[in-house]
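Chain IDs A, B, C and D follow the sequence of writing; residue 1 opens each chain.
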Amino acid sequence: MGWFDKLTRPRRDVPSDLWKKCTRCGEVLLIKDLAKNLYLCSKCDQHLRMPLWDRIALLSDDNSFVEVNREIRSVDPLKFVDSKSYGERLKESIAKTDVNEAVTTGRASIEGQPFMLGVMNFEFMGGSMGSVVGEKLTRILEVGADEKLPVIIVSASGGARMQEGIYSLMQMAKTSAAIKKLNRASVPYISIMTDPTTGGVSASFASLGDVNIAEPGALIGFAGPRVIEQTIRQKLPEGFQRAEFLLEHGMIDCVVHRRVLKSTLARILRYLNA
Amino acid sequence: MGWFDKLTRPRRDVPSDLWKKCTRCGEVLLIKDLAKNLYLCSKCDQHLRMPLWDRIALLSDDNSFVEVNREIRSVDPLKFVDSKSYGERLKESIAKTDVNEAVTTGRASIEGQPFMLGVMNFEFMGGSMGSVVGEKLTRILEVGADEKLPVIIVSASGGARMQEGIYSLMQMAKTSAAIKKLNRASVPYISIMTDPTTGGVSASFASLGDVNIAEPGALIGFAGPRVIEQTIRQKLPEGFQRAEFLLEHGMIDCVVHRRVLKSTLARILRYLNA
Amino acid sequence: MPKEFEFEKSIIELEARISELQVISESGKVDLSREIQAITEKVEALKIEVYGSLEPWQIAQVARHINRPSTLDLIKIICGDEFVELHGDRLFGDDSAIVSGLGRMGNHKVMIIGHQKGHDTEENIYRNFGMPHPEGYRKALRMMRTAERFGLPIVIFIDTPGAFPGIGAEERGQSDAIARNLAEMSDIGVPILCFVTGEGGSGGALAIGIGDRVFMFEFSVYSVISAEGCAAILWNDPSKAKEAANALKLRASNLLEAGIIDGILPEPLGGSHRNHQRAAEEIVKQIEAHLPILKKMTREELIENRYKKFRSMGRFSCEEELENA
Amino acid sequence: MPKEFEFEKSIIELEARISELQVISESGKVDLSREIQAITEKVEALKIEVYGSLEPWQIAQVARHINRPSTLDLIKIICGDEFVELHGDRLFGDDSAIVSGLGRMGNHKVMIIGHQKGHDTEENIYRNFGMPHPEGYRKALRMMRTAERFGLPIVIFIDTPGAFPGIGAEERGQSDAIARNLAEMSDIGVPILCFVTGEGGSGGALAIGIGDRVFMFEFSVYSVISAEGCAAILWNDPSKAKEAANALKLRASNLLEAGIIDGILPEPLGGSHRNHQRAAEEIVKQIEAHLPILKKMTREELIENRYKKFRSMGRFSCEEELENA
């Protein structure tokens, strides 16, 4: 258990761009206002993507988050080069996001209840899952099983990290098996799906929560909408693959507004935690 | 285990009516020809209802069937009277069928493999399930679990026996729990659904086979077609609730022709039996 | 579905008059308190007379009164805002005719599952009149397995005309869903308490009805078939529902006597639709009485006892001599 | 899907000529046996040259050759008429893109599960080109649980472009079905042997791919995404599939080196579509070699070893000093 450190990452600086357009209503929103408003559109309440450290702050008690396994970093096992080399892409993502990988994991508490937290970062190569994402999540799941600590994972991902080839595919197997282990230990696992949660992430740990929660309007699905449209050659219905669609189709337990997400999680854990 | 006897019921005499019309093509068929032809229509191969003792002969090795629990008989716990009393109905059915109840159970072997067999008799009050059907089936399921003997049940039933009120409903719970016990003992249970298998029989033991087999064209469903038509006020599609429909909808493992039913069962048991 | 029944018309009429008189009286112009008192006493006597001798068929009507406390009504009273509704079977859909979720009842954290009817037409259409599809039963089973994983007792409210008879329901395996629940509920390693709050309609009720303890409300019914359905089939005449209701012995007292249920929860005169709070209290009382006992049992004891309980249901004769009678 | 590939055109051309010459020769008018012999030798040399140095992209084409032995082809050869096909997920439907059933392979009674493609357009439409819907994966899982109940080892054939991307598939939870299988297969207490016989297409392949031993045929591929898909996304140009196939390292030899698979099954020159019998024999050989070892393990050992096997997959760096690099 020597593989976690006690450092909490500092809050990132405000990004250079000062404003953002709401993805639903098009309203122009100042980033500094957004940050104060949980990245909810002040006009239409759309749940915009929430930066990593805001998300961690949202879901954990003040100063309770202690990162683990920050040192685990991607290598380039396939020496993968497309228009750019994977190594370069990694460097750029690290520089851009100031984190080492697409998931940040740690120990935290929620309304006083200790738990293990994993938060994906869509800014890091589209939240794609490679070996590091798989490994870091598997480790918190294993700690959860060993120490009887509930696990909460917040997903935001376009799917597998192609640049790691078959290794990235196998992370689906690895994380899913770790969840089964957690199940056998009767330790709660809550999956939170945020916009977007698709591909290999959706088809592995993100779908396997004892309780699956989605944020309003989040895009969630196995295949991306474009791939489906190309395959079936018809337009997709309005609302297809959105959180509310998944609720209707029985795939998630509830759609929870960001303002009450923490309190809902804490309440669920009080019920499920022995 | 003193509750079974060693008597095999004698083959019933040929019924007084000499011919039958095929339920599909309308061909007029002589009963004595039908009996020789496994009650298959010689013109369209429709699987007509097979009398109890023919069915037992079809599925068990020669002279291997030994009936158990023949002495268990229905009582009239509710003193139920509609146009006739339940007691009278029972007497009439016994006289008509020459068996005591809507299910006949026993020990038998199939291609040399010993097993417990239950065969429902649609001629006995529409194969309805009351306390006796539930009890007799539960007993062979319990023997199966205790002695590690596979169980095969051939269903033919319109559902619950209303004249026994809540007792008849509870037979669904009783038989289903007994099957779960058999499952835990890793003893195979094969359900054979014949025409018709509906209502409380369909919604309990008949659907719970490790392998569910249906005879071609058999009507199988929870609600009867007439009830559904009345509820939804539209005509039902062709083939609705037939064996092939259930196969398509994933509810049964295979539709098996009567001519190869015994050999198929024997083969499946060879695979599943330790 | 009427809001009042023929047999209680005079009671409701008189209660309305009392209310009117009270308004006049309280306005201060005339003191009618003595008269009101007198009429009230007469109404109470009438209630005892009417509700104390309800026919089975009348009880079957009370059991499906549109204002009867629904699962969500009871949850709201007992759990308040702490209830977390959980949805979906993770297979096909979320059936609104069955609700489920986490809550606290009395001193116990529990998983709650129940049929859900509506209190008006719109709500009833949304809830499919409390008639589940297979996905409802599969949602219920998923919740039970979740409860088992986390050691939460299960509290179940039964109130349905029956499983829905429709094309989609058949296509998706209504029979499989019900049968599967019956088998799996016999294998759930946490305590299960069932309450028939209104209509216990056949297999659609039983499919979430395999409990370590099963209780019925005084004016609820539990039957293998509805009185109307039975009349249509056996009497070949749906208007013979009264006779069928008599014959089916579907009252709580019948079922207690038959050893099918473990207790009857009293209702106020006229029925629980007149007092949801009281119904909730009766439920909590039973939970507090029985859960501490059941929680002490091991998984194996629970499963073995539950098996024996349902194993013993049925009436038959085993005597060989009857053979030759 | 062509029946022959660009790169083998000259071979197939020559083989056709040889056949023609043989007919003439055998008619007795001219003895061409020496010439035929000579050309045959040249063709064999050409085969070794062509098939011995196939590019990844060419192998990806061979892997999806329309005549490649399908699951039912292999079953037919290995099990003959003793195979009993079992259908359905008991939830929604029977997916024809996945087949399953009971059979004997070598000396072992086994549960067999596999993707199923067709050998012509009609059959492929019926089989949805081997692309399962959720009900296919759920059928597979049901069969695995049945196998576990009766102590039957599980043999799996993987050959799919991927899980089907369509509206119904999403509605019914393609993600749930795949994820569920990944989790549950890590918990199956009987031996599981997987054979990638053709296309190992992403999550749709992996969803039945959690085996104690995983083998690939020499000219099969296994990849996180198809070369075309990868080219479309990363190169923004589907015609760059060759480059993507190279970059993805999707050949059996790559996967063996990466520790993802346990062995490679040799194929005849040109590929298994030229000799189904041979493919079947290679499979039986592995079953006979590995099942006796796996059958000796306890449920716990199997599950623990399988967990460790997949747990170890991935490449990363753990060194703190890299932090400041």
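In this section, a contact is a pair of C-beta atoms (placed from the backbone, for glycine too) under 8 Å apart; a residue touches a chain by one contact, two chains touch by 3 or more.
Predicted model only: the values in this text are computed from it and were never measured.
Among the other chains, the CA centroid farthest from that of chain D is the one of C.
The interface with the greater number of C-beta contacts, when B-D is set against B-C, is B-C.
If you average the Cα atoms of chain B and of chain D, the two centres end up 42 Å apart. Spacing of chain B relative to chain C, judged by their CA centroids, is 32 angstrom. Chain A and chain B, compared by their mean Cα positions, are separated by 53 Å. Of all residues in chain D, those that touch two or more other chains are 90-92, 172-173, 176, 180.
Across the assembly, chain A contributes residues 183, 249-251 that each touch 2 or more other chains.
Chain contact topology: the protein chains form a pattern that is neither a line, a ring, a star nor a complete graph.
Screening every pair of chains for touch gives A-C, A-D, B-C, B-D, C-D. Residues of chain D touching chain C in their complex: 90-92, 134, 138, 172-173, 176, 180.
Residue ranges of chain D in contact with chain A, taken from their complex: 163-167, 169-176, 178-180, 182-184, 186-187, 202-203, 206-207, 209-210, 222-225, 230, 233-236, 243-244, 247-250, 254-255, 258, 260, 306-307, 310-311, 313-320, 322-323. For chain A in complex with chain C, the touching residues are 183, 186, 188, 210-212, 247-254, 264, 267-268, 270-274. On chain B, the positions that touch chain C within their shared complex are 3, 70-75, 77-78, 80-83, 100, 130-132, 134-135, 138, 160, 162-174, 176-181, 183-184, 199-200, 202-208, 220-224, 227-228, 231-232, 236-237, 240-241, 249-251. Residue ranges of chain D in contact with chain B, taken from their complex: 82, 84-94, 102-103, 109, 135, 139, 146, 149-152.
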